[in-house]
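Both of the next two complexes hold subunit A, though its partner changes from subunit B to subunit C.
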Partner chain A sequence: MTQNTDTGDDSGDALPDGGVAEDGQRSGFSPISALNERFGSDFVESSQFWLPPFLLVGLFVYGAIIWNLLISLTDFTGFGTPDYGDLDLEMYGRALADSGFIDAAINTFILLVGFTLVTLALGLGLAILIDRNIRFENTFRTIYLLPMSLSFVVTAQFWAWMFNFNNGVINIVITSLGFGRVDWIGNPDIVLWAVMFALMWQFAGYAMVVFLAGLRAIPNEHYEAAKVDGASTVRMYWRVIIPQLKGSTISASVVLMVFALKAFDFLYSLVGGYRPPNGADILATKMVREAYANLNWAYASAVAITLFLMTLGIVGPYLYYQYNRGNL
Partner chain B sequence: MGTLELDGVTKVFPDGDGEVVAVDDVDIEMRDGEFLVVVGPSGCGKSTTLRMVAGLETVTSGEIRLAGNVVNDVKPQHRDIAMVFQSYALYPHMTVEGNMAFGLEESTELSDEEIETRVTDAAETMGIAELLDRKPSDLSGGQQQRVALGRAIVRDPEVFLMDEPLSNLDAKLRSEMRTELQRLQSELDVTTMYVTHDQTEAMTMGDRIAILNAGELQQVATPLECYHEPANRFVAGFIGDPSMNFFDVKRDGDTLDGAVFDYPLSASTLDDVGDVTDLTLGVRPEDISVAGDAAGDHAFSTVVEVVEPMGDENTVYLRFEDAPEGETFIATVGGLQRISVGDEVTIEIPEEAIHLFDGNTGEAVHNRDMEE
Partner chain C sequence: MTDQDSRLSRRHFVGATGAATLTGLAGCSGGSDGGDGGDGSDGGDGSDGGDGGDGGNTLEVLHAWTGGDGARAAEALVAAFEEEYPDIEHEFNPIGGGGNQNLDAVVANRLQNGDPPSSFANWPGPNLQRYEGVLGEVGGVWESEGFEDVMVQEAVDLHQYNGAYRGVPLGSHRLNCLFYNTSVVEEAGVDPDSLTSVSALIDALETVQSETDAIPMTHGASGTWTTTQLFASTMLGQEGYDAYMSFIDGSPDEAAVRATFESLAEILGNYINEDASSIGLTESNQNIIEGNAAFIHQGNWAAGAYRNAEDFDYDEDWGFKTYPGSEGMYMLHFDSFLYPSDNPSPDATEQFMAFVGSEAAQVAFNQYKGSIPTRTDVDMSQFGPYLQETQEDFANADQRPPNLQHGLGVPSGTMTTLNDVISSEFSGPYNVDAATEGFVDAVSN
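Then we have the complex of A and B:
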């Protein structure tokens, strides 16, 4: 501790040339002052605060990812221990040859893009409507945001009832309108869109809140200037207001896409098992099924790494964008 | 033609259960090419008036006529007006060129080439031709202001509306832009309604001034008329800096009986006063002469309480000898005249310079004599 206090004093007087001029005793090389110079003046002193969480996160998050990568290079399956002596890309080759994997990857991609775009559009629409000084604005805002507070499990149960072939609300409504019943969950061509709709129901409120914050940051004069400039309401939103929501759009998209990749909970609860309805298998469900139902540890790890890379592909550009704007 | 008429225009805002009258029965007629400055204290309804002309607020009653046509129910985008906002309201995601072209793209059928030509012309007029590719956030306050003006003039509208366009600039830039705006307006000869709370802008820029207080129009006249022949006590006090001195007096025969002084009036002034007995005597600070050798009925002994040297002139706070401490009035004297706190000076309030207002209604009953 005394050492820490000492270096604290020294670093205050540290000169750009690396010496600590006032203090004759410490003119020689010191690893602590060298570290401080490299990483900032209180690097060592503050380490007791950031080092423990840094190590824990490093081990349990990044360590786990690396371990996962290692396992994906083995042929580990069933019980026992993985053999780290024989590392190859066999499991990735197997994935590319597995039509189940390809289907799951395509479904993941459709869900990712479709869900994100539709939810953004709906959220933007709701936000614009709510922003136009309507009555009961706070009530509407709360109603739209409420689904966001439910867990995936509740949403899945709820929509399982809604989509039920015989007694579901949706089928009751459309049969009463004279149309035939639709097998929302059982039809492999439809189920993915039904899932997407349920997820959109849950997250449109979130997108709305993000856009609403963005809209509130735009000064009234911009609306007025656009009107006086001769723009109709639609043109005003299209050319003046929506382009200013770029930041909100990016933030909301990243969160929505990450949720889409995590849709495992939703699909798991929808059927109460590892095997989602035909046509709705995504990489997340495939990964868990391969690992815990089939004990194909190495193969599941390879799927996990693929999913990880997809996430990185989304978050990476966002971080880069924020870094360029000086926010990181 | 760009004539603009406001006929009995009233704006009432709901306020909880009650109502607030923001603009009360305002009549203004502007001829084509006129520069009218609307001036008044904060909350007097001047911005609301402008926004009604722009179509950004509805008109509760009365009529607004633009070039002879009633525009009460015409949407802002169809009014052929251009507005300059106090905050400039430049679109941050567009370049300067995009900002200036936007209005033409939305309100006209012009081809891209024509729009580009007009934008370039307007940018040259405003001296911002080299900024066309920049974003508003890269510009200084003065440059943003020029872009905002450029965006208005490129439209070539019937009427310009300006809502305190210079108030975000620093003092030096403001006086530069004031001159430039005047030059621009007379060059373009477009009817302009200009809202400000700054009376220097009101005095120097406008062909005429409209003075509003508490939603009511007080006077519409040329700047010099407003200064020398104010319609009422509010106008007299609002126009002029330092503002006019007022003394509450009672008429007693042919003298005005103030708290600490008596002021005899001549026969011609008494004619103007008629039978009003409660009066307010007004006199502008520069009309009080502090020569020191004054004598007669209109000379008074005073004590100097505060001196504010401005360089070209001194603002002197004086107190009548018999008045309690702190009850001062203002006189301005030449910057080279030596005068210091505590001095006893004799001042003269010449009768040809006084204004008299009805003490109850505030209406002017007598204004100063103007040299013919």
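Then we have the complex of A and C:
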């Protein structure tokens, strides 16, 4: 040790890795050190790890989004190449004048908000129940999580059968309770809620797992302190526990909302085509229909950009929140 | 090691990584070409689709016949092709799902990317508009094989677009069909052959409803296409050939459209199964087979299910009636193969086109598919009695109006709009005014 320090005194700074920095190197200008100074140490050295994926993601994700934006500004239909010389917002104007687009956007929004809120509430309820040290805890957890492991194609077919007017299990149950049958798929006022219910069934387990992890991270002392202070169970959860689940709530809602935007798979499988039942059309199905049934590439791109902006509106605040907390 | 050395070697490393990344990216962009070659030529002859000039590549054919009758018919077609042209390397790729939707999407992507297959299955007629600029011409095949002489005139007309032949028909389904379960209509005391107008059909449906427990008319409306094609047959039967033709030609008579929707609203509002909106064609057709329903309107692909059902024979258990009012007419449908320009295997594809229009191919395919040859000079002995009758109707029809829902009547964009209208205005509750307005607007030039 002492010896090391001595040598250091004699011939420049010893570096942690045993290398020796030379004075000449340090004082001279080099683009690498300039980059390192600007973006933090090891910027250049570490680039071999992050640069290739950065370029690939940049090209295939962000490059594609920008290209998509460009196409949405053209009038591109059919086959051939789009004319990039004449860019305008005509397709967005057309979208605003298209009642089908407006309906789809509203449905997307309703699905987004309704599905997320209900799934969060249900997931939280399940998580609290499971957290009460019940018997067969693992079994219940598996049962609730299982639907999420099934693909949309499978669950959509299940629900198509269960929602059947004549012999679907749901109508059989409600008629045996003395109510009239409901046309779940055929009634345009109901179908979106029916779809939402099916999606909620599938994703409540996921919300439950996220909340359960959040609950388990809360120290036992908080529960004990609340009990010592005489709080009832409901009050304890409402005032002490749930406020601490903010992080879980936010991350679960972002994932759920993104899933709601991707409900395309479910609707596609429900009817076996690009056109969902009347009243359940969402932007994703509208986009695919415009692109592949009508070859209206520019219009479909405009729908896609709208959908992208909706997603950004959800993910953006989340990223900002995480950034403020120093997690990014 | 000195710091200088370490810097240098790191710099080299960074440089090497950068180069590797660039190569990788170049590989990606080049990779799609390579992939095309892989798609097009399984045998690894190394030339990819780009050269286009020589016909040495594998014949790649895309179609959507993946299940049941369709798959068996496609197998029979491939077997017949192998027998006829044993030297042509080929690859028949079925792309199923969503009717033709997944096939259409794959074809659209590949045409868009300049990577066309040798040929793909699709409908001719106004449907060809969406492939504007990417279809080649096969007039040479039509001429050398003499197709113009053996196909019906409508086939000759509908396969031309911008003055050139774009494909060859393989088979034809009939659209203006009413199928019935014999025992149910007998129980109701209805004679299907006496139904020669839409109003007679509605009376018959009423009789079935009052006399039996069966569903008068079964309808699978989870997709809108069944209702759109029912509109076409009802309009043809009720308003006549001329009104129907002016509708699809873009000068619709508003009163005729409205009257058709009024009849449809009466049928759909009163006489169909309650679960129509949650079932598709397969389940709907099952109602006929199981004796739960009296009538169904469909293209004659529905008859394929009857043939495959046990103890369910033509004339004994199920019957066919031309859709009431459209007697003497054959509402046309074609299954065709189209020819993309910039063809990866021009010579082989032309041979395949010649094969598609030949008697061997049309007999092999259609007898399993439940459709009929588009040639009128084919020996029908291998077909069952129902298809033999259909073929006679086809050959002797007074008129062969094009269908509305399967590409021959209107371009695909119009078809989508019509289905949008059905979806939003006519899938219950039935809004005659809005649907009439939507249909008239959609087709008007």
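Going forward, the second predicted complex is superposed on the first by the 301 of 328 C-alpha atoms of A that agree within 3 Å, B and C clash if a C-alpha of one lies under 4 Å from a C-alpha of the other, contacts with A are read in each partner's own complex, and residues count from 1 in each chain.
The rule we apply is simple: a residue touches a chain if its C-beta (ideal position, glycine included) is under 8 Å from a C-beta of that chain, and two chains touch if they have at least 3 such contacts.
Bear in mind the structure is a predicted one, so any value in this text is a computation, not a measurement.
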When the two structures are laid over each other on subunit A, do subunit B and subunit C clash or fit? fit
Per-residue touch tally on subunit A - higher for subunit B or for subunit C: C
Between subunit B (first) and subunit C (second), which does A:294 come into contact with in this model arrangement: first, second, both, or neither? second
Based on the superposed arrangement, let me know which partner A:51 touches: subunit B (first), subunit C (second), both, or neither? second
Looking at A:185, would you say it contacts subunit B, subunit C, both, or neither? Reply first, second, both or neither. second
Look at A:311 in the shared chain and tell me whether it touches subunit B only, subunit C only, both, or neither; answer first, second, both or neither. neither
Touch check for A:272: first (subunit B), second (subunit C), both, or neither? second
Superposition-derived minimum Cα distance between subunit C and subunit B (Å): 44
In the complex, subunit C residues that touch subunit A: 1-4, 6-7, 10-11, 13-14, 17-18, 20-21, 24-25, 97-99, 101, 104-105, 108, 111-112, 130-134, 221-224, 273-280, 412-413, 416, 419-420, 423-424, 427-428
Quick one: which bits of subunit A touch subunit C in the complex? Just the residue numbers, please. 15, 19-22, 25, 32, 44-45, 47-48, 51-52, 55-56, 59, 78-80, 100, 103, 160, 163-168, 181, 183-188, 268, 271-275, 277-278, 281, 288-289, 291-296
Subunit A partner contacts - residues on subunit B that touch it in the complex: 54-56, 75-79, 81-83, 85, 87, 89, 91-93, 102-103, 106-108, 151, 155, 161
Quick one: which bits of subunit A touch subunit B in the complex? Just the residue numbers, please. 219, 221-222, 224-232, 235, 239-240, 243-244, 246
